[in-house]
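Shared chain: subunit A. Partners: subunit B in the first complex, subunit C in the second.
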Partner chain A sequence: MRRRPVLWGLAALALLFLLGPILLMVPVAFSSGDTIEFPPPGLSTRWFEQALDYQPFLDALRTSLLVAGGATLLALLIGVPATLVIQRYRFPGRKAIETLFLSPVIVPELVLGFALFQQLMVTLRITALGALLIGHTVLLLPYAVRVTGASLAMSDPALEEAARGLGAGPVRAFFRITLPVMTPGIVAASVLSLLTSFNNVPLSLLLTGPGMSTLPVEMLRYVEFSFDPVVAAVSTLLLGITVVVALVTERLVGFNKVFSQ
Partner chain B sequence: MSRKVTVGLLLVPGLALLVFGFLYPFITTLFAPPTIEDTSVLGRLGELVGDSFVLTVAARTIRVAVVVTVVCLVFGFPVAYLISRVPARWRGLLLAMSIFPLLLSNVVRTYSWLVILGRNGLISQALVALGLADEPVQLLYTELALVIGLAQLFMPMMIVTSYSSLSQVDFRLEEAARGLGASAGRAFRRVVLPLALPGVLVGATLVFAGSVTAFTTPMLLGGTQNRTLATLLYEYANVKLDWAAASAVALIMTVIVLVVSAVTTRLSGKAKVV
Partner chain C sequence: MTPVVQLKAVTREFAGTAAVREVDLTVTRGQFVALLGPSGCGKTTTLRMIAGYLQPTSGTILLEGRDATRLPPERRNIGMVFQSYALFPHMTVAKNVAFGLQMRKVPAAQIRTRVHEALDLVGLAHLADRRPQQLSGGQQQRVALARAIAARPAVLLLDEPLSNLDARLRVQMRQELLRIQRETGITAILVTHDQEEALELADSMVILDRGRVVQQGHPREVFRAPRTRFVAEFLGYENFLDLPGRGRITIRPEHVDVVEHDAAPPAGGESVTGTVAAVRFRGTDCVVTVDVGGQNVLATTTNDSLRAGSPVRLFLPLDRAISLTGTDSVPGDGGQGTPSLQHQQESPA
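== the complex of A and B ==
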């Protein structure tokens, strides 16, 4: 193997640029000072205590978890049958249907959020939580269809035909053959969907109501009026949880396989 | 008959969701939003396009997105090339390190730049300590801050898409070119680059479109002096409550993204042939 000093140098710089600022947040969160600064004047855990005591964050966390879980479940319940049809049946307009299911990716999320705010919340008077669930499900549907579709495309349809030939009904063939084949794809799509929904800002931004807002949006609001390290503390907690999620994903299905799609 | 029914039943929930939660609101808002006053989107669009402030914001948004795309290419592509050519045990680790930031919220990823770029931030402190600046420097709320924040946000995408197309390039082709007397640079330019180009173009499009539509980063790092189309849309929608104007900005943003995606799809189609 040849040495590549220039490439390694560039890679080191790029990784420092990507990861350095994120890691810098940890010491800032443990600061004893009143504003975000590095190096911190002293160490304390008071910003963590304050973050865990701040009711708007706790309410927003509950909303975020509810929306992420609900939208992921809905996107899979709606997306998996659609994927099955797109991958396993040949019919006129199949390509157009597939494009339609993947198309929410192209639209700017902020624009979709604004559209849902106007048409669903203002015109149809749907609640913020309802609009959040609908919007996030639309956002996640393309992931569900693409990721589970990829795992289905790699499997052999002859397996299902064999099961049918041996006397299994379509439902039994689905649960005994197709679903197990799709499982890695479904796990990957779930992890990807949960994180995508939980982290989203632009879509959730306008879909808020009294006491109804997601955690990232609430963090953004907080930063707008205060420079104290509370948000650094929340970010550090989220960083820790994300590292755990990444390690678990690596164990279950392979980190790079899930997140490089 | 029963097959048709099955196909229909399996597709109906998805189609219903896409019509009700995507197509209907999206199209209505872009072209015929409910208005408080008697203003149409197209009328407002005409006014906005004639407004030098909006034009400045649109130009800034595109300028920043272009610079971010170039920065991501210049750093991201070599990193992707390195990842595709190192032994497997390094490959997984380098790829995972490049991807990891994508798992975090943009709020978390942008927040640190407040600590680094602010008046009392790391860079300002360093410049003063080195005698390069007489007084603390404010780098926040500048276009440079936007470029830095967005480049950090989108470089992983550039690395991943470039890597996935580079990893499909048979490295023996490169070796063969070298064996036939081409320099490392020439082998790279004439063999590797043309083969990897479609993936790189896709990556560049994702970075560009992401930069044009990003909200969190311009909100935190651009401030009021350096608005982009996304923060302008938010202001019309949420502060000024001028929904026709918000729809018009949304339309401009959507058109930019769709046009760029369409152009790259054509280009990358052609690049595959080469």
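== the complex of A and C ==
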């Protein structure tokens, strides 16, 4: 602190800037008042009760969890084998395929969402839930490929050969060696994918239909016409869940591992 | 006795270019063979074909008498030590060593004793529960060796196993490797580009040049009688001379006598005249570079009165000169008859 006061001062400011609004939200969620105001006139848990009683939020939460879980699973099922092929084999068009898997990151999400909306929901008449699942899978694929790819790239390609030489067939070499070596990468990719999907708004906004909405979209709709602290209560709950997920991930694989990849 | 490994006219091409050409190789039980040659000559490619990681373009590979050319690695009964060691990072040392035994369905109780035996052999029994990342380079090397031999494979394959170790450890591990090979009697093929390593370890040396075997035999034999200039140069010979009536010879600098330029040619050898081009003082003696009609010849002498420009006569005792009878197989090899000595200043091994 004493050595570089300017640096530390800037860091503290940045932290305050990032965390400030979030920290202000928590007391508002516990307000006993009827509107969003700071400081709150008194403390109560009534907005939490109301949030948990509000059926559209509960439905949206179920959809969000379903979509996040399903899309993460699908993205890993497609992304992990794709990563293996991209990392381990040299073939013509390899670079092109890699670029293809990473491209959703470059395309603006609203554009991606609109394209999928047109194709999936208008042309193919797929349901909102189906469209959400497909859309989020596309959104998450780059994470699955990138993060697992990084963990694979760091491992020695001779590992599988060593296993084969020691008598393991290709399948056993994969399950005993390659997969365990990739596990931290897969866990990291899952966490990142779950959170990315769960928090997504732009894509979901275009792919949700009547009676089918994700939690962030539903929250957005709610604040459009309402000023009570219900959304603050939901946000506080989500914050709590995120912190728990982060702590569990830290315990499982270590944060430096997740974010150095 | 059936050879443990036999290669018959094995060729491997990459995109139409042969990395290994028509290689014949026979390794008998208990033999320690070194594949030696400069970078890119096809050593690793040959070893990987024996292990089954690469398929030959043509030719046959026999392992213990059976055609193994198309067998996958897991059915070849080989043990390989990789240059990077390739230890499984998510397993302990003991689990690494046990892996090959598990794959071969050895009963659990037996696995435990054999893992212990293998680790004992390399002197690492006390580190059985460590992870590979917690070991030094030399220790990892030993674990890799223990893992490769624990399942008692027919042949142990080593691809430059010592190249990642520092110089002192490398010399020490050479002795270890030799002891372990002698104690287990395992058949081994070692790939190296370090001729000293090959001379010290192997009882048969195979020298490769651009994918071809150019000479093989006992290291001492090959060292005493290199057939071609390529082999001689690779083994550290520096002087190459074309003598009328004797063809091309090579001779060590310490065997060349520097005599007065007007001295009578002594019997029992050839003599040539030339001019001193450079003198390098080494303390007890000097290394002089003598220009003999455009060819540079190195000689050691205790005569410290020689200066650049001095005319001298060189005496080459016949019993020390080695005739290079073979020609380097592939045309276009480094300047026939023009010795490239100027950049090879260290004395031969």
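Criterion: the second predicted complex is superposed on the first by the 254 of 261 C-alpha atoms of A that agree within 3 Å, B and C clash if a C-alpha of one lies under 4 Å from a C-alpha of the other, contacts with A are read in each partner's own complex, and residues count from 1 in each chain.
One rule holds for everything that comes next: a contact is a pair of C-beta atoms (placed from the backbone, for glycine too) under 8 Å apart; a residue touches a chain by one contact, two chains touch by 3 or more.
Everything numeric in this text was worked out from a predicted model, so none of it was measured.
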Quick one: on subunit A, after the overlay, do subunit B and subunit C clash, or do they fit? Just give me the call. fit
Using the touch definition from the top, say if A:L73 reaches subunit B (first), subunit C (second), both or neither. neither
Vertex at subunit A, arms to subunit B and subunit C: angle between C-alpha centres to the nearest 10°? 90
Which partner, subunit B or subunit C, touches more subunit A residues: B
Which holds for A:G167: it touches subunit B only (first), subunit C only (second), both, or neither? second
Which superposed partner A:F38 touches (first subunit B, second subunit C, both, neither): first
Tell me the contact category for A:A158 with respect to subunit B and subunit C: first, second, both or neither. second
Is A:M212 in contact with subunit B, with subunit C, with both, or with neither (first, second, both, neither)? neither
Considering only the touch criterion stated at the top, classify A:I177 as touching first (subunit B), second (subunit C), both, or neither. second
Between subunit B and subunit C, what is the shortest CA distance in the superposition, whole Å? 13
Residues on subunit A touched by both subunit B and subunit C 170
Partner subunit A, residues of subunit B touching it in the complex: 3, 6-7, 10-11, 13-15, 17-18, 20-22, 24-26, 28-30, 33-34, 75-76, 78-79, 81-83, 85-87, 92, 94-109, 111-116, 118, 120-122, 151-152, 155-156, 159-160, 163-164, 209, 212-216, 219-220, 230, 233-234, 237-238, 243, 246-247, 250, 253-254, 257-258, 261
Sites on subunit A touched by subunit B in the complex: 1, 4, 6-8, 10-11, 13-15, 17-19, 21-22, 24-25, 28, 35-38, 77-79, 81-82, 84-85, 89, 91, 97, 100-101, 103-104, 106-112, 114-120, 122-123, 134-135, 137-138, 141, 170, 195, 198-202, 205-206, 216, 219-220, 223, 227, 231-232, 235, 238-239, 242, 245-246, 250, 255-256, 259-260
What residues on subunit C touch subunit A, complex-wise? 51-53, 72-74, 76, 78-80, 82, 84, 86-90, 99-100, 103-104, 147-148, 151
Partner subunit C, residues of subunit A touching it in the complex: 155-156, 158-159, 161-170, 172-173, 176-177, 180-181, 183
